[in-house]
Structures are given as C-alpha cells and as structure tokens.
C-alpha cells in the first residue's frame, strides 16, 4: 500500500507545483479563460441569433469553446517542461513518469473545471440558459474534464521533441476527443432541457472515456518523454 | 519478403513484379465486370409497377466495400505492428506500422470519396452527419492523418518510433468509443436504408463483389509491400549516413590538434603533481 | 589521502561508446574508466562531444553501440535507475521560472524521493552552502541573475547527495565568488568520496584539486593524463 501512497504523494507534489506556477503566472486565468468567453461571444455574433436559437445550441457551443481553450491550457502545461531543461531534470530526479502524468493531468483538470464554471456563467448571461438537472450537469462536466485533461496531458508530452510540434497537438488531440464532444454535448442538452435525450447514459460513456484516458495516460506517458 | 533481388535504388523484385502484374490484370477484369457486364440495380415496385433502385450507382459497391474492408485490415495491421514496436523495438515492426498506416489512410480517403459518390444519387446528399459508418470513417481518417503528420515531424524514424506507436494504439482504442457515441447520437442511419441485403446480390453481382475483394486485396498487398521496402531503404540510408559520419568524425582529430592537446596536458600534469 | 576505493568497481566504464545526436555521431567510440573518488577534467574544442559524454553518463542519452557502465548499471540495457545517484549540471538551469528558489529546491528534493521531514533540513543546508542570501530566496527565479540561478541549480543538486557529479562548464558566466562556490562544491564532493567529472575551459581553477585531465576531440578520447596520485595511467 505504501507504493500507492508514494505515487499519490508524488502526483500531489507535481500537481501543487503546476497549480502554484499557474497561480503566479496567471496564464490560464488571465489569458485562456478570457479566450473562452470570447469564443462564446463570437458565436453569438456569427450566429446572429436570438436567445431561443442560442439556447438550442448552447451545449454544443459550450463544449467547442471548452475544447479550443483546453488546447491552450494543455499546451501551457507541456511548455512548463520545455524551457530551462526541467524535463531533463525531471528525468534525472527519478520521479516515476506515471506520477508526473497524474500530477500534470490533475493540474490541467482543475484549470478546466475553473474554465467550465466561468463558461457556464457565460452561458447564463449571454445565452439565457436554464439548468433543469444540476446533478447531471456537474457529473458530465467533471467526467468530460477528466477525459480531456488526461488525453491532453498524454499528448502534451509529444510536444517536447524534435521538429515543429506546436500545430501537431490540435490535429492529434481533437479527433481523439470527438466522442467526448458528442457525449458531453448530449448530456448537457439533457441537463439544460434543450433536447429529450438520456443524459445519464451519455455520462456513462464519458465515464468510460475518462477511465480509459487515465489508464492509458498513466501507462504511456513514460514512453513519450524518453527518446 | 520473398524473392527479393533488389538492384540498388529500386524496390522491385521478381516476386513483386509478378504480383503487380496479376493485381493490375485483376483490376482490369474487375473494371469490365463492374462497369460493363453487371447490370444496374433496377427493381419493379410491387404495387405501382414503377422502376426504382440504385441504378448505375450500385457499381460503386464493387469498389467501396472491398476498400472499406481492406482499410480496416490495414489499420489493424498498423495496431499490431505498433504493439511490436513497443515490445520488441526492431526496425521491422516500425516500418511495417508506418507502411500499413499510410496505405490504410489512402484507402480511408478513397472509401470516403467512393462512399460519397455512391451516396449522392441514392440518398440525395453528398454527406450525412448522422450516419454511423460515415462519421466513424471520417474520424478514423483524421486520427491516422494525425499519426502520419507526427511521423513527418522528423526525418529520423528512430527518434519517434515509440511515440508514434502510442499514438496509433490510442487511435485504435478510440474507434469503439467513436462508434458507440455516433451510433447513439442518431437512431437513423442511411447505411441501414440501403444495405447489401436489400440489393439482389446474386450470381454475377456476387461474383463481381468477391472478385473485387481479390483484386483490391492484391493491389493493397502490392502497395504495402512496396511502401515497406521504401521505408526499409530509408532506414538503410540513415544507417549508412551515420556510418560515414562516424568515419568522418574520427578523422577530425588532426595531428595539430593532438599535439596541442597533449602539449597542454603535459603542462597541466606538471602543475598538478605534488 | 585515504584510499577511497570502493570494492574496485569503477564508477564510470566506457568502452567504444557511440552516441548519436540525430544522425550525427557526437561520440564516435569513447574509452574511459573513472575510479571512485576521482576528479576528472574534460577538455576539448567545441563540438568535441563533452556535453554528450556527460549526458551519456547521466543516462539521458541512449548509447548507440559499445558498452557503458555507470555505478554498476549497464546503461545499454536500462538507463533510468542510475539517474537518481547522479547529478548533472547542464547549460540549462533546471528551475521553474515562476517559483522561488526555495520552492524550486524543495520541489527537487521531494521529487528525488526525500521525505518532507528530511527535505527541509537538507534544503536549508544546501541553500546556505551555496551562499544564497535570505533576501533572494523568496523571489521568483526569473528575476535573478545567471550567477544566482546557477547557485540555485547547484543547491537543487546538492540536496540529493549524489555519488557522481557531472558538471558541464560550471564556471561559465560566474563572477569570482560564484566560481569559489563551485570550487568549494567540488571540494565537498571529493571529501565525502563522490566522483566528479567536470567539463571546463578554465583549467587553472580546477587544477588546484589535482585532477586528471582527459582530452576529447572528434568524439573520441585523444589524451588522458591518468589518475594523478595513483601512479601511471589506468586506461
């Protein structure tokens, strides 16, 4: 059991470090969150719509905004290890790659949840949505957050390497997250009363995606940071 | 790889040339069968007596279906080879994974195109968002296009063979999720409206379809073989380049440098001794 | 000086070691044996392969061919387990810019596996030894000078108490007091029986400790003065 405790302690160490850096540098809070809100506003302009139309599409627009912003957050998380030789230092420290993955994924997850909360507020104000099933909303939001954070952190490790990798992250990550987008949108449709679908079934799918992403990430992250 | 008597610079061999000829012949025969000898899908409506059906569009069946099956086969091969890369880490598995992925992606693109061409006259639309197979194939295409993009970021395959293998396996793991989510998403699917069972698949149609599998199977085999050999030669070229760079590097140490180096270290040793 | 031999197993043993940077053979067949407790100075022109050699010994670079053994670990087979016993000071700082020195060093101590109780004591001692004033400790790293960052990087390595030190041009960009700190560090390491490999252009600084000088050029060892106080060269 001490191995598990050790693992959790290491993961917590990394997560706290990443969150502390975010607290100091305020990249997510100061840049990514405003970007997400901006996306919502742009949709409003582009669709030239009234509240009723926006309410119908609210969940889809919400999750597209989350995914695009998640790209930025994940990229930022990966970039922390690219400058100043910290990735080498991490490899030298003997910290298990699985714990490194878990810690970084947790930090990204926390940032994503914050993002979702703010965006939800944006939906209330800008699109006039109403919450029919808050429990479903929270469950789907959290599980989708886990799936996105875990997958993103795994692929973020690919960002450190030779060649031009910046534009690679979106084209790798977004197709993999397609089912998460579909499932989360449907679940939110149910929770916001926009469509008659079984939101909890969709949330089940999100749970499966989140689980697979976490397991694969924990196992594979070590491979991706070595050469 | 049987019968490989490669002249330097080509990937051909007696075996592969024979295979290529047979494959081309079969394709030609398939063309004749599919576009000339078989008839269009024309059916008489039982009550109104009108003609209906897919008419000439059904000929796409002979291209689209074999390619779809072979596409899945290629991607499965890529997945298996990727496991091989992670477990064994020999160049053979890596070149195989890359080759299978490339061939599979090309097939995937063709499946989407032929499917679209087939669908337009029959379903009255070039694209249908709710269709399970269309969506899954599209996402599959995007996933492996990403894999190929990753492999292109560096010219040296050895740096990222394990990373690419992970990406390929994640892509393959993702497919069931995509399939489930799209299937639940819309209950209707165009594919159901005109399934293979609905068509009268008999005699010549059935034979043409089976022949299609054979013809395309041979073509894909030939393509994968050639692509594998190209990849293998690329690796050999890199090893060769490294080898000659090594020889060059060792000869870098000129006599002057050596003298200078030794000269200083003698001095140094003189200072250091107690 | 007391004989610091530990069972006769060399700390570093390279035979025909080849390492690639992309397709370029940075190391083209290095033969080198370093015994426990030695201080070895690596010299050579730019591009000779000194940095790659140090990274190879740290287990960060994969050996293409030849045999590489460090602290008894065969790095051709498995590179990860040796890393915790080795400290590598490279050109990069290995520090997080937005955190303070204390937070950085504390993180690296915990990452290396030290329990919290032990970490705090060692961190304080290391920071003191590196001559970092109280005032600096609470500032984010990106506000500090290169010399101060170098000391912080060293502090982060000191807490781990490595058996093998790999220092890549540690004096570069430092002022007089900074260089004294580095020399003191090497002295401390030697005193506890650790082994030190230093790559440097500043011969006269490290010379005071009576090191062996190994000259590298074109990815191979071209000259080696041998261990100074053991009589005769060992390779």
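Order of writing sets the labels: A, B and C. Residues in every chain begin at 1.
In this text, a contact is a pair of C-beta atoms (placed from the backbone, for glycine too) under 8 Å apart; a residue touches a chain by one contact, two chains touch by 3 or more.
These figures come from a predicted structure and were not determined experimentally.
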| item | value |
| --- | --- |
| Most widely separated chain from subunit C, with each centre as the mean of CA atoms | B |
| Chain closest to the assembly centre - both centres taken as Cα means | A |
| Subunit A and subunit B, separation of their C-alpha mean positions in angstrom | 31 |
| Interchain centroid distance [CA atoms averaged], subunit A/subunit C, Å | 39 |
| Between subunit C and subunit B, distance of the C-alpha-averaged centres to the nearest whole Å | 47 |
| Shared-contact residues (touching 2 or more other chains) in subunit C | 22 |
| Numbers and ranges of subunit B residues touching at least 2 other chains | 156, 159 |
| Subunit A residues counted as touching two or more neighbouring chains | 162, 227 |
| Subunit A - residues contacting subunit C, complex | 10, 13, 17, 20-21, 24-25, 80, 83-86, 88-95, 162, 227 |
| Residues on subunit C engaged by subunit B in the complex (per definition of touch) | 18, 20, 22-25, 28-29, 43-45, 64, 203, 207, 210-211, 213, 215, 217-220, 222-223, 225, 228-229 |
| Of all residues in subunit B, those that touch subunit C in their complex | 156, 159, 238, 241-242, 245-246, 249-253, 257-258, 261-262, 264-265, 268-269, 271-274 |
| Complex contact set, residues of subunit B against subunit A | 86, 139, 142-143, 145-146, 149-150, 153-154, 156, 159-160, 162-163, 166-167, 170-171, 173-174, 177-178, 180-182, 184-185 |
| Touch list for subunit A against partner subunit B, complex | 154-155, 158, 161-165, 168, 171-172, 174-176, 178-179, 182-183, 186, 201-202, 205, 208-209, 212, 216, 220, 223-224, 226-227 |
